[in-house]
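Two complexes come next, and they have one chain in common, chain A, joined by chain B in the first and chain C in the second.
This part shows the complex of A and B:
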């Protein structure tokens, strides 16, 4: 790693999508940003703004049309090299038990069975699911499944953890609990994290810094540094600073949301 | 106080051991037995006469020989077709060009009634094993091909994506670690349906173009008006399919699916 350099650097990133017919759509236009080592970055933006596309490019799942991603100064050329990803959907392998899901990445790396079994056990414990090692995904609740997903991503010891609206399809109570658990896990196994979300509160509660993306093509409209100390707690959510940040972000998002409403009603 | 849930009279009957499940069969057999005596035995043999014929038949090497021949034909035809079909289905799922080229061909073959091939296979191979096995092969081939390629294509792309982010470097690694496993229940189902069709077409093919096997046995006995033996063959077909389900398919399915019930 280059001393003092950013952990992750996104340089002049652009991505277009081509519909089967018609003009290509610009999803991301000349986007540049940096994420410091061990920083927790949240990205928020209107739906369909290209946040998920951005995360997939960072992971290496899809190639950019222009620009590049650097981790520790090295260009990203494909997935699975030091980055771990958690998706919104519960994409656990349904034919594997919880612990076998967590072991999956280690199997691909050729880690011997006893060693990877132990490592998987440790990560299952880290996400608080001792006793559920041998449960199958369909036997677990949505929140538990997502914790297995997190354990599975952490088990490959990524340097950067990417999360694409991981709590997006959970009910509000489960979501609040998982936010606390995620922070708890992150405090114990600290790593650079990028968290894409729809929820302003979630972004403020979790992150060190928040980037607000514009509607397509995705550009950075606003960068907010969250002033709260860690560990975070529930009281922060009702503090004046929290509400102030919330309002600032909402004002930027509202503009895009209104524009979209307008477009839809006029078309 | 929690009152007991009300049970309907239908539930009450269905819960009676044995009779709850086999009552209709027992009644049918009794009625059949009583009515059968009004007719000549070659028109409607009584269940008791059929049972005697079954036991007697199973005491002869002849019937066992025919069973063995039929089972072998089914396994050869179905097995060979399945191997080719899985290969084909895999190629169709993984290559768009291959899919475009062959999808309509397979679709054209699918609606052809399997027994229609007997005309061709007898001309090609003569009245022998290959004619029968060929009919089974051609019947099973499109079925399993479609099941295979739809199984592979239907694999949730999220699993493949997850495999990639977790370190599957090549397409082949994704295929072996995730795609095959996710498609397996569909493949199994296709193989099972193919097996059922193989039996159905075997019976028809052996009636027309064989000098051995259960279909031939049935045809000989039909000509001789030994109707009870015709029923024996029908019962044997049922028993053989049932045995396959219970002894081969279900254990394999249990092993493959495990506790994975989200199919």
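This part shows the complex of A and C:
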């Protein structure tokens, strides 16, 4: 690892999607960014702006057309090297109990059974699900399922934790609770993190820095450093500073949203 | 009850009432006649179905997950599927003779298509998001199949084998009637020539019971192995 270098570096990333008819869609065009060690980065943008695509490329699930991803200064291609993903719809394996889901990545890494069982137990405890080790996903609430999803990603001790709108399919109350729990877990098991969301409040509340992506092709429209100290608390959400950041980000997003609206009504 | 009520108004040879059939069933089971025949029939059934599972399940997975293979073999499979397996009987006689190997072959032919098609549909319909999760955590190739695709498609494997099981029972009896008559098929044949309709119905009832019992046993096995499928996650 290069001392003082970024934990994760994305250089000149481009991605087009071919379509059966018409011009290919340019999802990402020459995007570069850096994430510092133990930084919590949030990415926000209008829906369909390519932020999920971006995260999937960083995870190695889809190859970029151009550009490269570096973790600790080393180029990574394909999944499974130092990145752990938390998925939007939880996507637990329904045939595995909670603890077996958490063990999944360790199994693939050849960790011996007693060792990975203990590690999985520890991560289940970290996300506050003691007693639910042997429950199947269909027996757990959405919020609990996503905590298992988080434990599954953390269990492989990733260099970079990737979260793709992890709370997007939860109701507002559960979402607020999980934000606090995520921060709590993150304080205890600090990781470099990239968190994709479409909620401005969520981004400000969780992150050290926020990147606002433009509508397709994804470019960085705005980079905001969040000034709040940690641990964060609910009161920050109503502070003038919080509202000011919220307004700044909304003004940028609104422009794209309006353009999109205009495009749709005219077509 | 309806059967009993109707049967009582008719000569017994046209439709023997269930009371007589059940007594006969008990008699023939106790005398061992039906038990021996049943066990003989089960031999071809079990071996044929085993062959179907061993060939049909992997073939189904291959067709479901590999588009090139699917494009090559789906039309062939569908064409063969459309032919009544009994049409192959003359060939089976030439290839396998009249005894156990031929019966196994017919049981196999009658059940293998159902299993292959059901498994291939299951393998094709595996939630792509779960495959992404598998890949994200570093699973590739055979490991991805073993740890993600196979368990995800397992409910379809069960559905396929359950249909295959019913078809295999069908195939067993068909084989015992069409090739050298033996076991339950032989009893049915004899009863039919003697117009012993009660005896004939006894075998039919036994087969129905066998089908029910096999399916019930299978359902229990399924509930044990794929419990998540009964209440899928929302």
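Side notes on the structure shown:
Following the convention adopted for this analysis, the second predicted complex is superposed on the first by the 267 of 267 C-alpha atoms of A that agree within 3 Å, B and C clash if a C-alpha of one lies under 4 Å from a C-alpha of the other, contacts with A are read in each partner's own complex, and residues count from 1 in each chain.
Criterion: contacts are C-beta pairs under 8 Å (C-beta built on N, C-alpha and C of every residue); 3 or more make two chains touch, one makes a residue touch a chain.
Note that the structure is a prediction, hence the values are computed from the model and not measured.
Taken together through their common chain A, the two structures put chain B and chain C in a clash.
In the overlay built on the shared chain, the residue A:104 is in contact with chain B and with chain C.
Contact with neither chain B nor chain C is seen for A:250 once the two complexes are overlaid on the shared chain. When the two structures are aligned on the shared chain, A:89 is found in touch with chain B and with chain C.
Shared-chain residue A:59: touches chain B and chain C both. According to the touch criterion, the shared surface of chain A, contacted by chain B in one complex and chain C in the other, consists of residues 59, 61, 79-80, 83-85, 87, 89, 91, 93-95, 104-105, 107-109, 136-138, 152, 156. Of all residues in chain A, only 59, 61, 78-80, 83-85, 87, 89, 91, 93-95, 97, 104-105, 107-109, 136-139, 152-153, 156 touch chain B in the complex they form. Those residues of chain B whose C-beta lies close enough to touch chain A in the complex are 156, 158-159, 161-169, 173, 177-178, 181-182, 184, 257-262.
Per the touch definition, chain A reaches chain C in the complex via residues 56, 59-61, 79-81, 83-85, 87, 89, 91-96, 104-105, 107-109, 136-138, 145, 152, 156.
Of all residues in chain C, those touching chain A in their complex are 127, 129-130, 132-133, 135-139, 143, 147-148, 151-152, 154, 226-229, 231-234.
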